[in-house]
Amino acid sequence: MEQGLLQLWASTGLYNLTIGQVFMIAIGGILIFLAISKGFEPLLLIPIGFGGILANIPVAAIAGPEGLLGILYHSGIESGVFPLLIFMGVGAMTDFGPLLARPSLMILGAAAQFGIFFTLFGAIAMNFIPGIEFSLADAAAIAIIGGADGPTAIYVASRLAPELLGAIAVAAYSYMALVPIIQPPIMKLLTTEKERQTKMTQLRHVGKLEKILFPLTLLLVAILLLPSATPLIGMLCFGNLLKECGVVDRLSNTAKNELINIVTIFLGLAIGSKLAADKFLTPETIGILLLGIVAFSIGTAAGVIMGKIMYRFTGGEVNPLIGAAGVSAVPMAARVANKVGLDANQHNFLLMHAMGPNVAGVIGSAVAAGVLLAIVG
Amino acid sequence: MDIEQLMMQSLQLLGLGMGAVFIILTLLICIIWAVSKIVPEEQPDVIPVPSDRLSKPGHQHIAAIQAAIHKYRKSR
Amino acid sequence: MEQGLLQLWASTGLYNLTIGQVFMIAIGGILIFLAISKGFEPLLLIPIGFGGILANIPVAAIAGPEGLLGILYHSGIESGVFPLLIFMGVGAMTDFGPLLARPSLMILGAAAQFGIFFTLFGAIAMNFIPGIEFSLADAAAIAIIGGADGPTAIYVASRLAPELLGAIAVAAYSYMALVPIIQPPIMKLLTTEKERQTKMTQLRHVGKLEKILFPLTLLLVAILLLPSATPLIGMLCFGNLLKECGVVDRLSNTAKNELINIVTIFLGLAIGSKLAADKFLTPETIGILLLGIVAFSIGTAAGVIMGKIMYRFTGGEVNPLIGAAGVSAVPMAARVANKVGLDANQHNFLLMHAMGPNVAGVIGSAVAAGVLLAIVG
Amino acid sequence: MDIEQLMMQSLQLLGLGMGAVFIILTLLICIIWAVSKIVPEEQPDVIPVPSDRLSKPGHQHIAAIQAAIHKYRKSR
Amino acid sequence: MEQGLLQLWASTGLYNLTIGQVFMIAIGGILIFLAISKGFEPLLLIPIGFGGILANIPVAAIAGPEGLLGILYHSGIESGVFPLLIFMGVGAMTDFGPLLARPSLMILGAAAQFGIFFTLFGAIAMNFIPGIEFSLADAAAIAIIGGADGPTAIYVASRLAPELLGAIAVAAYSYMALVPIIQPPIMKLLTTEKERQTKMTQLRHVGKLEKILFPLTLLLVAILLLPSATPLIGMLCFGNLLKECGVVDRLSNTAKNELINIVTIFLGLAIGSKLAADKFLTPETIGILLLGIVAFSIGTAAGVIMGKIMYRFTGGEVNPLIGAAGVSAVPMAARVANKVGLDANQHNFLLMHAMGPNVAGVIGSAVAAGVLLAIVG
Amino acid sequence: MDIEQLMMQSLQLLGLGMGAVFIILTLLICIIWAVSKIVPEEQPDVIPVPSDRLSKPGHQHIAAIQAAIHKYRKSR
């Protein structure tokens, strides 16, 4: 009996928990708390946070190669399948109409990618700090946080630096949730009151045929110029084609509802598996969290500055605020641009105008990801 | 590989990357613009504005109700 | 031509069927018949029965390692993924409100687990019968039938005694279906008419915050005391958190609808693959079926007796009948308690009062499973 | 391992297992009870009882119908 | 910098695309165009066409063993899982009522399978053409196109001739889409105006019990006589039993909606992976496309001729046009029979009468597949 | 294997295959026929034909509307 009691005691969490695991379980709890009470990207932070808790339970080895989280990670993230399916679902949800109505605004979605490449440089510079040693692949995976696009970040990180995936995913989704806090000060700092009050003319109507042709065109351009971006862009275009073609609604509905929901649950839990204390609690993680916020801020600034340039060139037809939406973080960043615009002028509705740069930002970061995968991968 | 070399490489990536992003997105802008010129313009579906202010609960219900009332009115 | 005819003849079922296969196909048919005409757990017994038929078809090897059922078994049950996903769905469906409203009734869900451990003892005792040889792991896997919880039984069996899984799953679901027949005589035998007529006071209202905190609390307790139970309890809590947190309804709806449906189909078929005649038709199976009914009966009795103790201690505030619901078998056992209560007193509605012990029974058997996995596994 | 030994082990498991189940569930009872005391009580959402016995088919329908009848009454 | 530019240039599609890949990307585009603008089996041809484009992108290796399409192909088609799940969904959608109401019409669904076996002979005869070398397994896989049933064709091809799967799947779905063009001339050529005007008596009502018993009966016959067909027929019967039994509607709804949609997306993309230029652009593909149309035409003719025989034997009670529906291609072929019937007689509604042979054709081709798998496999 | 041999095999398959298809489907016809004789005939669910031509929008709506009108008529 004593032997049995001892065996049972030796299998308790009280006996086995390490400080690091307790700390990470608390982190998981905090992510869940923020997701529920503050509405921070709950669709992903709740599964990630919960997965993080499960991954730090001793004895059970849920994140091990034979545990549920380990299996999900191996089959869905290591393989790249989950982020690509999410991208398909995103494609099936996204209306590229605003982008097609005024394509010139895509340039804002291009400028905001400066956050990615500047951060790449910053990550490498961090190597001067003793104890941190990022390879070029690590730096590229971290930099992609600046793309403000969850599946892109996960896909690139799973290819270039899987051991950093947990921190990268947490940083990416956390900062996407923090967009309403991070962006407005930068936007206000860089623009004048008059610029922020700029009203924009109504968007033209975009026909069905143009909408069908767009995903095919986009894929074609990616094939010709940057095939390494085609897994991501291809699935985005596939989902969007399912949506726009109008003859396979049952497929596009499944892609943007049940399928993306199932994959989101699995993806979140699987990312959580990378929050195991021994892998997560490293100096690198702190570096990643720091670099992530730098990436977001620089990206926002670059977008706004390009907005100011367009404001100047078009003679005041473009409100520079919508440049901030170029970082992606769909649709949060567009809403933030709208809100800051409303603060400056109560009758200034920028939401639809910001959606163009916003979805252009998704394309922009997929392109940036393609460059990184082509040269660093 | 020493840090300086890495920094050179990352600077180079900055140039190449932003270049690629701008080239590809600019190309897309041109194509989208060209396509929008080629594709025959399409009239947006005009949604008929119901004159009846009651239309919220759905046209079928209203139709049914009007029919019922009409019938009742006749049956008197 | 004759050669071709012979080859075709040699590939027919008439040529290849063994007596055992014919028998097992009939068993599969009977399970389907009971499921359809008597409503015996049709969601699982129809896929299991059909899978059992498919597994006993000669030549086709559907349950073999390259057949559909074999693939489903390997990827979903051997890995533990399917029962855990089912548990997530169950969590997303379960309202722990009644349990939270009157937590003391959880003790009934604890008592009913006596069926599990008594049966463990009984299974070992069966070793005195020549021809039957159960290891401690086998006995533990069989005993868990007494938990009256399908996914728990399948998960434990897949870990401790995969070769007995078919019989254990069939026994577990069959007896769960038979709860309305097995339980009432025991309940009536152990209680007096007066006890059965006991009315219970209305449950207090349970707030949203308490409901959100419960799955997290439960998981925390499991982490501290019994990590080996956390795969099961963790997924139950995860599903329940998705439901209660209120910010990820699209995930909880998918978890409790499409995802659990898909997994149920696959799980049932995969279990069916273990009904292949050569593995199923053994003396052990008969032992398992016998032990299963013992487990259910003892569990029911233990729950009712604990109910009588609570009746005594609370001065007649607890109706002992709801103790029978402590075996789990959600929500069937709670309905049975309600029905037997109504038989004694037409105005005695015990359903909601029985739901507390009922879901407590799920937790109780998951805890019992954790003990078995920790010590025997 | 002979059967006697196995039986001893299974008896021991019976004790340990039921002990663990009772300890854990009792602990949960205490925690739930404590939480329910700490958490501020929440008023159940009061569902307004419709005075109209016709409410079954859904409020919107009724609203539409009443509006229609009202309109008809006025139009006469 | 020059080195980086060169590396980037060497990773572009412009640098890497082969003529064959360009050609196949165009083919993918044409399939998508036909699917969208002509409504040719869009549910499958859009995913297949898009998958074909993705598979021909250089550098990205999306159809490679570690790319998304390669993973989907390996796990879903090589294993046989996807076509079997599709068959389950088809079973859950199919109403066998019309077939049960007038079972004698099943003979039409038998006759139309002549297309399969005649094509098998034709494929072997093609070996006389230099450069083409079909084994018996290849010929059997090609012949099954004549079954006019997508999942059956894919399942058989994945078992007997995986290297021909792409061409076979494209041929099967393309010709199924072309049924309204291929069949009417043949039907009109073989029938007289008077025959086509034949009206048929209303179908009797079929009870619930008969509908429940049918899938079980069908499976039993397949087990006894042709077990090699039971993976296909078994899943068809399973899906149909879920539908008809009436007690597991949540499972049958999932099987015929979300699950079949998810699998359709994956299956289509995975088939597309077999459209990679180096595998697809071979003389064999042209042979397969030719043989496919022969198979369809012969199958249609055989069905119509059997219809004429039944017309004679029943004294004009059977309209020979419904024989054409015996090829399967559910429900397209039945609709075509209805339309040709309406052309001959404005008040002649053959749709429900043609549904019997139509679903019998599904069973018939599954049986034919079983024979091929048993003897050639 | 030379082509002639393959052709012989494929001819043989033609015979065996069509034979199997016809045998199995004919057997099914017999069984279905037999089952339909054994199984007690079931009356099709008679869908009550509403005399009211207005029934399209759903019975509940109509019921609600009629109730509303009835109430209104009485309330005058």
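In order of appearance the chains are A, B, C, D, E and F, and numbering begins at 1 in each one.
As a convention for this text, contacts are C-beta pairs under 8 Å (C-beta built on N, C-alpha and C of every residue); 3 or more make two chains touch, one makes a residue touch a chain.
Here the structure is a predicted model, which means the values were calculated and not measured.
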Chain-contact steps, minimal, separating chain E from chain D: 2
Touch-network distance, chain A to chain F, counted in steps: 2
Maximum centroid distance from chain A, chain identifier (CA atoms): F
Label of the chain whose CA centroid is most distant from the centroid of chain D: E
Computed distance of Cα centres, chain F from chain D, in Å: 41
Shared interface positions of chain D, touching two or more other chains: 13, 16, 20, 61, 65, 69
Residue list for chain E, restricted to those that touch at least two other chains: 4, 8, 225-226, 258, 371, 375
Chain F partner contacts - residues on chain E that touch it in the complex: 99-100, 103-104, 106-107, 109-110, 113-114, 116-118, 120-121, 123-125, 127-128, 136, 139-140, 205-210, 213-214, 217-218, 221-222, 225-226, 360, 363-364, 367-368, 370-372, 375-376
Chain C residues touching chain F - in the complex, by the definition given at the top: 1, 4-5, 8
Chain A-touching residues of chain E, taken from the complex the two chains share: 4, 7-8, 11-14, 16-17, 25, 29, 32, 35-36, 39, 42-43, 46-47, 50, 53-54, 57-60, 62, 66-68, 71, 257-258, 261-262, 264-265, 269
Partner chain A, residues of chain D touching it in the complex: 12-13, 15-16, 20
Chain C to chain A touching residues, read off their complex: 79-81, 84, 88, 212, 216, 219, 223-228, 230-231, 234-235, 238, 241-242, 245-248, 250-251, 253-255, 258-259, 371, 374-375
